[in-house]
Amino acid sequence: MSEKVLLSIDNVTMRFGGLAAVSEVNIHVDKGELVGLIGPNGAGKTTLFNLMTGVYTPTEGDVSFDGSRLNGRKPFEIVGSGMARTFQNIRLFKALTALENVKIAANIHRQASLFDVVLRTPHLLKLDGELDAFSRDLLQQMDLADVADVRSSDLSYGLQRRLEIARALATKPKLLLLDEPAAGMNPQEKAQLMGLIRQIRERFSLTILLIEHDMKLVMGICERIYVLE
Amino acid sequence: MRWLLGRIGVVVLTCAILLVANRLLIDNIKEYYISVLVLCGLYATLAVSLNLINGITGQFSIGHAGFYAVGAYVGGAWTMLMRPLVVKSLPILQTGTQLGDHLNLFIALVLGTVCAGLTGLLVGLPSLRLRGDYLAIVTLGFGEVIRIVILNMDVVGGPRGFTPITALVNDHGIPLVWVFGLLVVVVAFSRNLVKSAQGLKFLAVREDEIAADAMGVNTTRVKVTAFVIGSAFAGAAGVLYAHCQTGVNPDSFDMNTSITVTTMVVLGGTGSISGSLLAGIVLTALPELLRYDFIKDYRMVIFSTLLVVFMLTRPQGIFGHREIALPRFLRRLIRKKENAP
Amino acid sequence: MQAFLQTLIYGVETGAIYALIALGYTMVYGVLRLINFAHGDVYMIGAFVGFYACTQWLPFKDLSQHPEAAAVNIALALITLFLSMLLCALLGITIERFAYRPLRNGFRNADAHFWGFVIALPVTAFVGAMSTTKRQGALLFAGVVIGFIMRPVMAHLTKRIKPSSSRLNALITAIGVSLILENGGINVFGADPKFIPDILPKRQFSLLGVEFNSSRLIILIIAAILMAVLRYIVLYTRPGKAMRAISHDIDAAKLMGINTDRVISFTFALGASLAGAAGFMVAAFTNIKVVPLFGLQPGLKAFVAAVLGGAGNIPGAALGGLIMGVVESLVASRYPQWRDAVAFILLIVILLVRPAGLLGKNTAEKV
């Protein structure tokens, strides 16, 4: 396998009961690529995402990422190795502010022990400070600084989508999986989103795999497209 | 170093305040009210510790009395059964002296806390496969099983209860200091947990488990941690209960106790530490103070009706997710101090 | 072997009662995803209705003095059974209307009236107990006045209430209702134990060396009939079909023109009437003492039985009840002190092996 390949899915099949949601799929994504994944409803696109991120374990076949096999690893471990995602139906931490949402994701690289947390040791205060600075900076870059202290459920739909992407970026991923990022957006917002995706790809030197229904968007930004049937 | 001195300062200050308040109270109010105060402190501790599990981490445990019982019985077992064996070789553990009494209570506390925490681990680990109502029922079931196991243990008295347990520190109302000291610890613990960005992962599990998982939060570990800590504190409260009441009975740890504590958490506003604290104190004191003859017969009906009406008219509890904030200048003062080093 | 069979028979009898109560739990859970904690207390009310009907309301004859009156007593017992079921159904509807519906749809004026009066009642009773002259008319008037005063107060408090979807809130409300019934029961009925006298002729007979008791057999037969009727209602009648539709998807059912509130009321009535029947039968035919906390343990165990079978699943509840009764009496025959723990241990084991219960469907959350 070449150095270039970041994610590869080899002959993956997923069955629920007797029903095959995904069967014998092969996909590979190289470093730095922006790849689209399209297909009709029920083709198993989201299932594939769930297979990659560890929500499900494939019935057959292998998923490997950055040179290591992912089968059977827990979602939170996979995030740690550099793959982050957004959800089709937005799943923010609703009662928490935008900043807190990002902090939770950013926390993954700056863990303190319970001892530190409870006694508020200098170590913890330093970590908390770093985390705060990092998260605010990220929000700034994503044009969300104004709403940092707003409850995420009070944000507009478009901002919620963007916050979800920001939250995923906070885990410092190598590969970003976007599950229908443009769902429910009007043409203007979609155009904005395309700009945003390009922009974060440059800035964070990301590899992106996205599921989308809007052909214009997919054709507009993706370098390669997989069609799932 | 400065940090360490600061922390020690806080502890010393808290102890001093507690001791002074204790002295003032002991000299001026009746013994009955002291025992009501002790109960208030214990139930507030229970409520705040359950809030860690139900409110902050968003789990659904309604069997908290079980852990309370484990603490009470383990603490009692140390004082009445184990200590007499150890005291021969370690005369310092002799009761009756100030040092011996406090040392013994401390050992009982540690043992009770650890055992209750381990029980919490035992309950928490398998229960994690369950969600919502089902988790609630299993915890309720575990609570009952713990009680029935105790009922069948003859060495701790079984249905007759475990009496007497030497009242280690009963003179001069020192129990108040221990009880409220524990309350301060559990409140500080919860508050620090929520305040730090590190503690946000507990809230993340409450808000959306799947998203938390996808953002790198080890949800299993977070839930088990919450369970263990919550039950450990309940155990500590149990140890103090056993020694303040100079004896315990399995009936004190039945489903009603669990339900009372759950009610406190919900009424206080699930997730609100100050809410749980306040509800714990008020809901314990209120029925005790209503114990006058003329309302006695009807107090439970009135109490339960008010509970339902309250749930219907203010479902988010007294405080919702919010906390009572300190006055602004105090907050500023504290913040300055924390940012100083 | 005979001892074993005997225990088994006892188990089935106990199980039938658990099953009757469990059905109410499971139906309500099915439509509302609510653990109706007050259900065990509805069972208690059923027993008390039976007690008052047998001792005061209906002209039962003492069989030891009038052995010829057996037929009359049987007819009266049947009437009592229906009376218990009817009153419990009404109670079930009331509980749903004033405790659970406000939680679901928001607190309305009518709810404020109701709860205002409920709070006013014990206050009035207290004033009555205090006053030396018993002017009941004046007291009633005072109660009404207090009730009316409470209304605007509550209406003010509840101006901006949104309906709550929190499961924890629903559970606490249910527990509150249960506490009201238990403590109200202590005030109204008194805490002293009551016994229903023997109202039916008793006969013992044995089959294959196993002792059968006629009155206990009656419980089994009536329970079986009631369950058959329930099955018919749920499977073949319109409200039954509506119930099943709601348990699949309440919002879709609403959009399809089903009056969900009415069907939910119906569900509570159905469940409560079964519990009422069970309460009366147990109190009348097993010589057990009737106290206001009569429903606590059976209610809890029946609930466990419902979860065991798969909460929301009607055949599951019947199965769970039977299993529970049998296992409990098997264990109790050997280790009586563990009798009450069995239910919970069984529950924990089943839930850990099959988290959705025996017949329940496992639904994973969709991502």
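We call the chains A, B and C, going by the order they appear; numbering starts again at 1 in every chain.
Note that in this section a contact is a pair of C-beta atoms (placed from the backbone, for glycine too) under 8 Å apart; a residue touches a chain by one contact, two chains touch by 3 or more.
Nothing here was measured: the structure is a model prediction, and the numbers come from that model.
Comparing each chain's Cα centroid with the centroid of every protein Cα atom identifies chain B as the most central. When chain centres are set by their Cα atoms, the one at the greatest distance from chain C is A.
Centre to centre, using the average C-alpha position, chain A and chain B are separated by 40 Å. Computed from the mean C-alpha positions, the centre of chain A lies at a distance of 50 Å from the centre of chain C. Rounded to whole angstrom units, the spacing between the C-alpha centres of chain B and chain C is 34.
Counting partners per residue, chain C has 367 as the residues that reach two or more other chains. In chain A, the residues that reach two or more other chains under the touch definition are 55, 87.
Contacts with at least two other chains are made by residues 210 of chain B.
Chain B contributes residues 3, 7, 188-189, 192-193, 195-201, 203-204, 207-208, 210-219, 225, 321, 338, 341 to its touches with chain A in the complex. Here chain B touches chain C in the complex through residues 54, 60, 62, 126, 129-130, 132-134, 136-138, 140-142, 144-145, 148-149, 151-152, 210, 255, 259, 262-263, 266-267, 270, 294-295, 297-298, 300-309, 311-316, going by the rule given at the top. Only residues 53, 55, 74-76, 79-80, 84-85, 87, 91-96, 100, 103-105, 107-108, 111-112, 114, 116-122, 124-125, 127-128, 131-132, 167-168, 170-171 of chain A touch chain B when the two sit together in their complex.
On the chain C side of its complex with chain B, the touching residues are 29, 33, 35, 99, 102-103, 107, 111, 115, 118-119, 122-123, 125-126, 129-130, 154, 157-158, 161-162, 164, 166-169, 171-173, 175-177, 179-180, 183-184, 186-187, 300, 303-304, 307, 311, 337-338, 340-341, 343-345, 347-348, 351-352, 355, 365, 367.
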